[in-house]
Every structure is written in C-alpha cells, then in structure tokens.
Amino acid sequence: MSLQKLRVEVFKANIELVENGLVVLTWGNASGIDRGKGVVLIKPSGVSYDDMLPGDLVALDLDGNVLEGKLRPSSDTPTHLALYRAWPEIGGVVHTHSTFATAYAQACSSVPCYGTTHADFCASDIPCIRALTEEEVEEAYEANTGKAIIEDYARAGLKPLEYPGALLSHHGPFSWGKTAGAAAANALIMESVAKMAYLSRNIAPGLRPEPEYITRKHYLRKHGPGAYYGQK
Amino acid sequence: MSLQKLRVEVFKANIELVENGLVVLTWGNASGIDRGKGVVLIKPSGVSYDDMLPGDLVALDLDGNVLEGKLRPSSDTPTHLALYRAWPEIGGVVHTHSTFATAYAQACSSVPCYGTTHADFCASDIPCIRALTEEEVEEAYEANTGKAIIEDYARAGLKPLEYPGALLSHHGPFSWGKTAGAAAANALIMESVAKMAYLSRNIAPGLRPEPEYITRKHYLRKHGPGAYYGQK
Amino acid sequence: MSLQKLRVEVFKANIELVENGLVVLTWGNASGIDRGKGVVLIKPSGVSYDDMLPGDLVALDLDGNVLEGKLRPSSDTPTHLALYRAWPEIGGVVHTHSTFATAYAQACSSVPCYGTTHADFCASDIPCIRALTEEEVEEAYEANTGKAIIEDYARAGLKPLEYPGALLSHHGPFSWGKTAGAAAANALIMESVAKMAYLSRNIAPGLRPEPEYITRKHYLRKHGPGAYYGQK
Amino acid sequence: MSLQKLRVEVFKANIELVENGLVVLTWGNASGIDRGKGVVLIKPSGVSYDDMLPGDLVALDLDGNVLEGKLRPSSDTPTHLALYRAWPEIGGVVHTHSTFATAYAQACSSVPCYGTTHADFCASDIPCIRALTEEEVEEAYEANTGKAIIEDYARAGLKPLEYPGALLSHHGPFSWGKTAGAAAANALIMESVAKMAYLSRNIAPGLRPEPEYITRKHYLRKHGPGAYYGQK
C-alpha cells in the first residue's frame, strides 16, 4: 500500500468517528500502519476535526520518531505504538471517549454478552483492562496503557483480532482491526453493544449472559472458518 | 406488481431503516415478495447501505434459490422465507438490531402495553419469541428462527397482521406487514414503543398495562372494521 | 388574520413538531383557530408529514363541520374542538406522542417541578389528566378526552394559559397556546422538561420539587405583569 | 481585539451552543468581554437563534449600561457581569439548560470525577453551587446567582480557570473560559461528562471517584506547566 492510500484511509477513519457520534471535540484518534514501510500515520494532537486535512496526519516509525508532519502526534501515540509492536496482525487502532463504552470503562466493568449483536463482535465479555498503578501512571502513562492491554490479553489468552476492542478502567475504549477502517467500525460496534447492554440490564436486573451456544453460533457465522455472513 | 416496482419499494424500505436510525453498519435487512411471481427481493449480505444500489437486491424463489443477482443474499434469508411460506397474508419482512427493541429482546422480555402508542400497533404485549435450543441453533439457525416465530404465534393464537412484529430472545426484532414499507414502519414503531415502555417502567416501577378497554379502542379505531384513522 | 396566514402558521407548527423530533410517522397534529371567522385549521388524518402541503389542512367550524378540504381531519379533532370551545383564550392546540412526555403519561404521573426550566413553563406540576372511564371511551373517546382535560383544569382551578399543556393518562401530551406556534413550542418544552425530570429523579431518588420561591420567581420573570424576559 | 472580532467570536459561540444540542429554543446565552475597552457583548433576551444576527448582540459596560444595540440584553446579564467583575482572568461566559448538566443541577448534586474525560476538564467534582435564599431571589435574582458562584468558589478555594464551570442548584450549568469560544466548549464538556457520570453510576451504584493519581495525571497533561496535549 502506498502511503497516500494509507493516508486517505486513516483520515477517513478519523472522520467517521465524528460522523458516527463517537467523538466530541477532539476526544478521539485513529491511526493506521504500513507494515512494509514500518510507518504509522496518526491524528495530530488536539486539532479540531473540522480543520484537519489529510496532510495533517503525522508519520512516525514504531519507536515514535516523527518521519513527516509539522504537527505533534496524538498524546495517545505511545499506546497505539505499543499495540502495533506487540500485535503484528493489527493494522489500525482507534481511541474514543464514546458515551456508553466510556460509562462502562468508568465503572471499571466489562460488558457482558447479552445477545447476538455482541456475539457478532466477540464471543464473550468485552474486556475491561485493569487500572494502571500510580507508578505506571507517573512513569509513562500512555505507553503503560498499551502495556496493560497487552498484558491483560496475554494473561487471559485473548487473541487481538478475536477481541478487537477493550475498555480501559477509568478511561474509555480502545479498538483495533486489520485496518484503520475496521478499527473505527469496531469503535462504533462497542458503543452500540455497550448501550444495549446497559438498557437490557436495567430492564432485567440480574440478567445473565446469553447461552454460550448462541454466542458461538453467531460469532462463527461471521468470523469462523465456515463464515457465511457478507460477500465472499 | 412489476418486479421493478417491488425492487424500488424494497430498496426504499432498506434505506428507511438507516434514515430512521434503526440500523447501524449492516445490522438489518428488508425484503418484499411478489406473490404472483413467487419472487422475493432481499438485501445482499454485509453490503454497506451507503454503497448499495437497487440492482444489488437479490431475487430468490420461496425455496431460497437465487433467481437473479450477483451478490449473496442476507444471512437472515431463511428466516424471511420461512415467514413468507407460513403466512401468505404478509408481503414484506424486516429485521433490525434497533436499540431499545434489541435491549428488550436481550432481556428475553416482551413489551407490555403501557399506552395508546403501543395500542395503535397491537392490542397486547409485543411478543418475545422463545430462545432456540442448542439443537435448533446447530441444525439450521436462521430457518429455525422463523420456525420459532411461527410456532409461538400459532400456539398463542396470534394473527401475523394483528401482531406485525416480535422480539427474538437474545437477538432482536423482526417485523412484517402487507408490504416491505409497512414492515419498515412497524420496525420503527416497535423501537419507539419499546423506548417509551422502558422509560415508563423506570418512572413507575411495577407499572401495570393500561386498561384493556383503552387498548381495544385505540387498536380498533386504527385497524378495526369501523376504523376511522387515516384517509379512506 | 386572513385564513391564508393562519394556514401558513398551522402548517409551520405541524412541520416544527417533526423537525424538533417530537413526532414519529404521523403521531401528532397541530391546529389553529381564527376566532373572528370561527374557523379551525387542522392536520389531515394519517397523512405523512413528508407529503403534506399547506393546502391539505382541513378547515372546520367549531362543531366539526368540514368547511374546506378534500381530506379527513385528524382523528383527534374532537379533542381540539372541545378545547377551543371551552377556552376562548387559546388559539392553537398540539398533540404529540413525544418520548419522555408520553412515558410520564403512560405512567399516569404528573411531572414535578424540579427546576427553573420547568418553572419557566408553569409554576407547579405539569398536570396528568385522569384516565377516561370505559363508558367515556366507548361513547365518544376523543371528545371525552377534551372533556376530561377541561374538567380536571376546572376542578384544580388551573388557567389554560398558565398551564399550557397536560399529560393524558395512558396516552400522551396535549399542549396549547395563543397561537399554533406557541402550542408547538410548548410541546417541545414539555418534552425537554419531562426528560430532565426523569434524569434528576434517577440521580436523586426521592427528590423534592424545588423551593416554591424559586419557581415563582422564574415563572413571573417570564410571564408575570413585571416580566423582563425577552423583548418588549 | 477590535469589537468586530469579539462580535464574531461571541456570535459564533452562541450558535455553537445550538449546533451542539445544548440549547433548545432560547434557553442559553454566551457573552464575551473586551477587557481593554471594558465592553461586554451578550445575546439579546428571548431572541430566536434562527433569526439572530451578529449585529443583534448587545454591548454593555461592566455596570450593565447598554452602550450599543436596540434589543434588551439576556435576562441573565447580571450573572455574567458579576463573574466578569470578580474574575479578571475570564473572557467569556456561557449559560445553558443542557439536559444532563441541568438534571444534575436540579438534583442539587455535583458531578463526581469518575474518569479521565472529566479529569481533562477539572481535577475533582464539577461543583454544585448552593441554592439562593428567598431574600436573595427576591432582591436581585440574577446578580445574586453570580454572587453565589463567586462566594462558593472563594470558600472552597477553587480557581475559576481550573474549574471552568459549575452547576447552579435547581437551575443549570454556567461555564466560562479565556474566551467565549472556550466557555462554549466547556459547556459541551460539562454536558458530556455529566451524561457519562449518570450512566456510570447506574452501571455501578455506589461507584467511587477514580483514583486521584489518575485524575491529576490527566488534568496536568492537558493543563499543567508541562502539558503535552495539543499543539505548542
């Protein structure tokens, strides 16, 4: 992929966050990576989505050195880079403060799988990552945010592309995918699923997750080896 | 009706789902049938609503054989076909994951009739269809989803056009009507009614359904033999 | 006022209901009256807001005789007419099924005055009108809906222009004002106030109405003889 | 700054309130001050946002004398002026009745800091200002509203630009900032943060504020001397 094509894709993913109501003001960012070139493109920090142009995206290497761009990259860049370094299978990362996903994150609660909408995304809870310790916050807040995600996933044996998004305790959602566009779609899915979970639990306090055989079926018809959802 | 007219109608019904905020990403589909020709037109699977054109709708016979179209039909096609085969009086079917209707479905709860907005739609609870068994899920998930709806309606003695929509346990709403457009309107009504029911029950925990004589009056002034709502 | 001017005003009031998100499908109607001519203009029944033109409004006298128009008037016309006959000071009436106001109506609950937004509208609870009896429903549902509002207002000593809107038990909100436009604005205010009341009560269960001296001050600075809100 | 530049900025801040869904009808106002000239520009009272033009803004001195403009200034003008007089560091003030912030105000509840979205705004609760006494309401309601904010801030040792917004008991939010635009952005932030707090507390009743070391880190990375959020 040429860098220009990646630039368009990352720019579009950023704009979609706003159009889908996931980002207020500058509370969100999307990035994408060209694995061959080792180049990450990410939103500049604190720049209004109304004013941002494709050329404003900042190009970095995986160690965070700026390769191109006059603006400072998103303050969350170290989190994005940590995920790219740990997980070679991902190609895009998104962070938002979308309302219901953030509400669950603030409550330090994972999102239970109450139905098939959720099961189409992942086959169990949307994970809630542990809070950082005071030391981790002081030392390198954003890089350690990435570290906490990676550690929690490793500990629980979760594969990044099977659970393509998580909630950061006290903070909000991060999502990822094979491309920046997929990561942005996953941000929208997490918000929708979190909202429905919130409502279902208010309708039926003490609600249990749906039966595992339904979850599995839905997940596999969309993502399994014999998936038959979507076009070939 | 010419197939082209049906095509426009089914296409429009699909687009209305998005415009009315009932569908996120590709989480929904509408179909319509030409009973004379025995042809069903349905949304292609996993195709973005932004990119979809009327010509992308897939034409099938009632056994699911593709008659026309280059794309795969919606993965929910067997549910649509089962309803068309069982209920000759319906001409359109819609499935969405709209927020409040899905929240009730996830809670495996029917929607009680708390007011006249609901009574204008149907004269009692919006039914919640039983969950499929593990065997039914494994064997033929989508076709058995249709079977469960049809069985529950038969068991409860509900007429499809008098209860033109139901919630699938753990899943979401299906609706239908004489046309695809009517089915799409019913999807919007179910979502609105479910939202109001959710709020009313939070305002007054333990709320009872409205008196039956009010429900009956409202239902009949719109749908009964002496209906006087709307134009002749 | 010429009938054409009234026609534009009533048409605009109807459209505003949709634009302000108070009306889904055809669930609402606005009317206005020319007191000099004794003519009421009202939305036709069950006609889509997208297709409606100013010329589609139906002209009636206060007894409900159609003076002009090819379409049937709103099925709620007898309620509108009852209010116009009882209350000579009002010039417009609106009915909607807006979400939060309807949720309170379904819960048969008035809306307590929790803050100054409410106090700018009326100086105490937004009243919830009693449910109709079975006999009243059977005999003349819509006319008796008007009768119930008028009786409850008389019994409680409420002046229509000081409490320019009420909730009908099990049903939804009606509002009115000196003009159709004022009635439409009051419909929007009732919905906003009901939503805020719903949220406040969830934040603070057992919440009491705000102190009466604050309510009075806010109401009077906008509506009292020494009002200083707005332009002269 | 020329008065024309301030006029554009204050006008834009007012319009943004509507575009961001914070203001219904005329329930809100923004002002800005030119400290050099001692001139405040503020929205005229009760004028529709649809009809308002930049030239309709009213110019006042800090004592409330109208310097320019044919319309009456916002009825909340004395509150704005009190804040400008007490706090020389602020350049803009905004008042709205936005839904969730007002719901908290009506519940006389501050908004606890449940997460980093909040911490990016201020480093502890969003304060809820005491209710006015009956005497204060009768004597000079709007001026005393400003007085109550200023007194509560002084008593609690809060700096206006570190807590750039507060809830008025029974009423709604006021916000401020170095400019009218910053005050308008703060109004949007308060609404978003209040909504998320509402949801988080419903997800996890009894939820405690997030650890102070996370709050401090987020606040300081955006507002502290070593802030690294945004562009230089």
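Structure notes:
As written, the chain order gives the labels A, B, C and D, with residue 1 at the start of each chain.
The working rule: contacts are C-beta pairs under 8 Å (C-beta built on N, C-alpha and C of every residue); 3 or more make two chains touch, one makes a residue touch a chain.
Everything quoted here is computed from the prediction, not taken from an experiment.
The pairing of chain C with chain D is characterised as different-residue: of all residue numbers used at this interface, under half are used by both copies. In this entry, chain A maps onto chain B through a rotation of 90 degrees when their C-alpha atoms are superposed, rounded to the nearest 5.
Chain centres here are C-alpha means, and the one lying farthest from chain D is B.
Once the centre of each chain is set as its mean CA position, chain B and chain C turn out to be 32 Å apart. Look at where the CA atoms of chain B average out and do the same for chain D: the two points lie 46 Å apart. Shared interface positions of chain D, defined as residues touching 2 or more other chains, are 202. Residue ranges on chain B touching chain C, taken from their complex, read 114-117, 120, 185, 188-189, 192, 195-197, 199-204, 207, 210-211, 213-214, 217, 221, 228-232. Across the complex, chain A meets chain D through its residues 24-27, 44-47, 71-72, 75, 97, 99-100, 102-109, 131-132, 134, 137-138, 141, 170-172, 198, 201-202.
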